[in-house]
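Please read through the structure below; I'll follow up with questions.
Labels A, B and C are assigned to the chains in the order they are written; within every chain, residues are numbered from 1.
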Amino acid sequence: MKTLVCIKYVPDTSEAEVKVNPDGISVDDSRFSFDINDSDNYAVEESVLIKEAQGGEVTVFSIGPKKSDVMIRMAMAKGCDQAVRVEDDRIAGHDPLMVAKTLAGAIKGHEFDLIMTGCVAVDDGHMATGAALAEELGVNHATMVKKVEVGDGKVTVHRELEGGMLESVEVELPAVLTIQTGINEPRYAPIRGIRQAQKKELKVVSLDDIGVDPDSVGSDASQVVIEKLYIPEVESTAEFLEGEPEEKAEKLASILVKGGLV
Amino acid sequence: MGNVLVLAEHRQGALRDISFEMLAVAPGLAGNMGGEAVVLLIGSGMDEMAKKIAGYGVKVMVVDDPLFENFNAEKYQKVLSALIDDLKPALLMTGHTAQGVDFMPALAVEKKMPLVTEAIGLEYEGDVLKVTRQLYSGKVNATVAFKPADTYLVTFREGAVEAPESSAGADVEKIESPLKEDIPYRKFVEYIEAEVGDVDITQSDILIAIGRGLKEDKNLPVIEELAAAIKADVAGSRAATDAGWIPHDRQVGTSGKTVKPKLYIAMGISGAFQHLAGMKGAKTVVAINKDPEAPIFTVADYAIVDDMFKVVPKLAEKLKELKG
Amino acid sequence: MSTEIQTFTEKYDLLGCIQCGRCTGGCPVTVRANLNVRQFVYDAYNEEKLDELARLAEIWDCTACHTCAVRCPKGLKPLEVLIGLRSMIVESGKVEPTVRDALQSVLLEGNPWEKSRAARSDWMEGLDVKIAEPGVEVENLFFVCCTIAYDPRVQAIAKNMVRLLNKAGIDYAFLPEEESCCGSEVFTLGEEGLFEMLVEDNTEYLNEYSAKRIVTLSPHCFTTYKTHYPDLKTPILHYTQLLVELLHEGKLTWKGDLQKRIVYHDPCYLGKQGDVYDEPRELLKSIPGVEVVEFDRSRERSLCCEGGGGKMWVESESKKERLADTRIKDAKDLQADIVAVACPFCVMTLEDSMKGLGFEEEMRVAEIMELLGEHIEA
């Protein structure tokens, strides 16, 4: 089984305050911590689990800066065998269709049975790259996958639907699967493993190296433009209870009881 | 310009809410784009559903064929590809759902058409179609403009707008399926209900929902004590179920359950949109969170900005006391 | 690396053990969990059994309090056998998600709390803090600690220190936000590779500063630097040692009158491991009006609060009484108004128990720096 896993280095904004830069179309990421995209991390684990069960090899693909190498080495420490990182600032990263085209270019020439990637990136949240990549490569796909069973020339996957429902689907290989969080429990990458992974091959390539015309994946090629970013106004009608924690608790308790809510 | 084609979504014989919600946006937008809104239904045995959605005053086109008994992204893509050539819509929109995201990106690549996903607003001004969408889990809004194209593709977020009232009926037109035979490379197998545990949170009157703020499962007992005091059931966000703190059948949100309790107490939940969509039916919402900027406060009736663990013990104690 | 050719038996000097049982006999965790450290030292001699031992849940019950090491007549460190077993699990990657996330956060952000490095100095906002620069001479260089830097509850330790230093007019500077985790919990969680890396990187980083001494606010950093950083060129002090010195020089004076009965809880990393027992007591006694009383189990026999040894990220399976609960009940029996500690972890665990037991009205858990901060003359 030859598996490719596509991962992205993203900021963690769950606790951080997000500020829009004066240019109005980017955010100030100087105070963010960065890590592998959450669902991509599950995709890495799933690819390693499949390798452990079936044999084969896993190759990491990523588009990103040099500082994302730590994320790639961690994936290798977990069991991925080699990696290709595309570094080129001419790629229109805001458009998942351009990202998919770039990835497809990088993947060209690599044999694979299965490609896995996270179902959504937590920064821009498109949910589009995986399925677009499948089309670029001319292979099958299934998105939002919460279970993978590898069969003979096919995979049976459970796709997560709305409303606590799953859909079981059979897809012929080769195929792209986009992985949903919770499908497994990602392992820890110990430092010794990361150090040993330094010996594994990590190829850094530009668009020219992979034979992708920069004009075909740049902002001119992209048919969408980010015009403006802004912080949404919080439209709250909430009554904020003030005071020390205990006072707040007491106020809330009496509101709930007097209002007949409990 | 052309029409706005709205691909409606349905599952197991019922139209999904998103199908109606898009009708709050599509007709007005189509007017601005110099066309009209047309609903497209793809399925098998679609008469009832077609009639129902035509009751919203929008023309409906139906591809009704046993080949479409269940959703299949590859088949949808083939049909849509052919219909786009045929109908030349200015915009094709569908839900940003497990269905929509499964074929729209591939369709965009195939047809070399621009795509913007998870729109929460659409505007057409000065011959430019602009999409409002969100980044960083809703902390930032973006206005994204399409460069001029023959057909734009958009997936629209569930629950972003309210469905309109139904109105006078409109025409239903059956069109022949461009897909003549089944495909071998992707097959629907079956639907699987998430396991139903001992509590059905969709039926609960009072829910206490926990999120990432719980930090670890050793903190559960204090929540359970509060729940016991007010006869509430404990539910949670995706983070809480992923962490294994609560069973998966108690997950609130678009990928979990849609709940409608009388009282919903969100603790340590920041309020990712997917979560908010699952609890929008709650009558009264209480939110306790450390981050004053947490989106959960936008839907709360009563809000406490604080560490949940500093508030909960006293809350439980006081509630027990007041309820005698 | 030498560890790779050393056997487990050699590494932990298992043959030196005479199976006297003083380790288990003194282990505070035995009353709470099914942990018999002597048995582990005995069983670990059989290399074939190591995998099986590493899978036992109780290896994660050890709080690394060092009582076993203090009591061992042969000078062994039985707890490190447990850490060695933990490291086998860490190397396999199959650790609890909480441990995984804490360790990964140390690697990526320099702290185990999953906070952004850029926010490490946010606690300084609004304070007049002197920041150290490499090569610029300073007498007292302060190392804050991840927990004190990020946890709003214990940030008071650092904030009060700044106020006090400014008041006393001492030559000092705090490290900037490049300061990284000392690795105390990384070591006890068994992430040997990451710990080696921290020792290397921190040694290089700290040696760039020209300080007469480095003052740590947390005893965990204090002991870790003293024990595991052989190439650090600057002597390490715990802040209580510095403050007693200033007290003797007459540079610290207190206002007010604190008519309280205070019991001092010896943090394991300051007492048993750092051999600092008297300075915290002397500081407390220097506050006007204070009466200092002693726990039955104090100094070398102090009961562990279960905050160390990586326990912030691993919950014990045991449902028996937490040691912190025992400690707070003991303080209650002593009719203490304040349980004073000199460690951020002890603040967190003991305060948690104090609240859980419902003693908030009549008792307070405070770090010595908090009490001192309330008595700095304006």
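Here is the rule we use: a contact is a pair of C-beta atoms (placed from the backbone, for glycine too) under 8 Å apart; a residue touches a chain by one contact, two chains touch by 3 or more.
All values reported here derive from a predicted model rather than from experimental measurement.
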With contacts counted as defined, which of the two, A-B or B-C, has more C-beta pairs across the interface?
A-B
Would you identify the chain whose C-alpha centroid lies closest to the centroid of all protein C-alpha atoms displayed?
A
Distance-wise, how many Å sit between the C-alpha centres of chain A and chain C, to the nearest whole number?
37
Return the distance between the CA-based centres of chain A and chain B, expressed in whole Å.
20
In whole angstrom, what separates the CA-based centres of chain B and chain C?
48
Going by residue number, chain A touches two or more other chains at 15
Residues touching two or more other chains, restricted to chain C: which are they?
97
Can you pull out the residues of chain B that are in contact with at least two other chains?
313
Which chain B residues qualify as touching chain A in the complex?
11, 16, 71, 73-74, 96-99, 101-110, 113-118, 130, 133-147, 149, 158, 184-194, 206, 212, 230-232, 238, 241-242, 248-249, 251, 254-258, 262-263, 270, 284, 286-287, 291, 293, 295, 297-298, 300-307, 310-315, 318-319, 321-323
Write out the stretch or stretches of chain C touching chain A in their complex.
90-95, 97, 99-100, 103-104, 107-109, 114-119, 191-194, 196-197
Quick check on the complex: what are the chain C residues that touch chain B?
97-98, 315, 355-356
Which residues of chain B touch chain C in their complex?
216-218, 243, 313
Touching residues of chain A toward chain B in the complex: what are they?
11, 13-15, 17-18, 20, 27, 96-97, 100-101, 119, 122-132, 134-136, 140-144, 156, 158-172, 180-182, 222-232, 234-241, 245-246, 248-250, 252-257, 259, 261-262
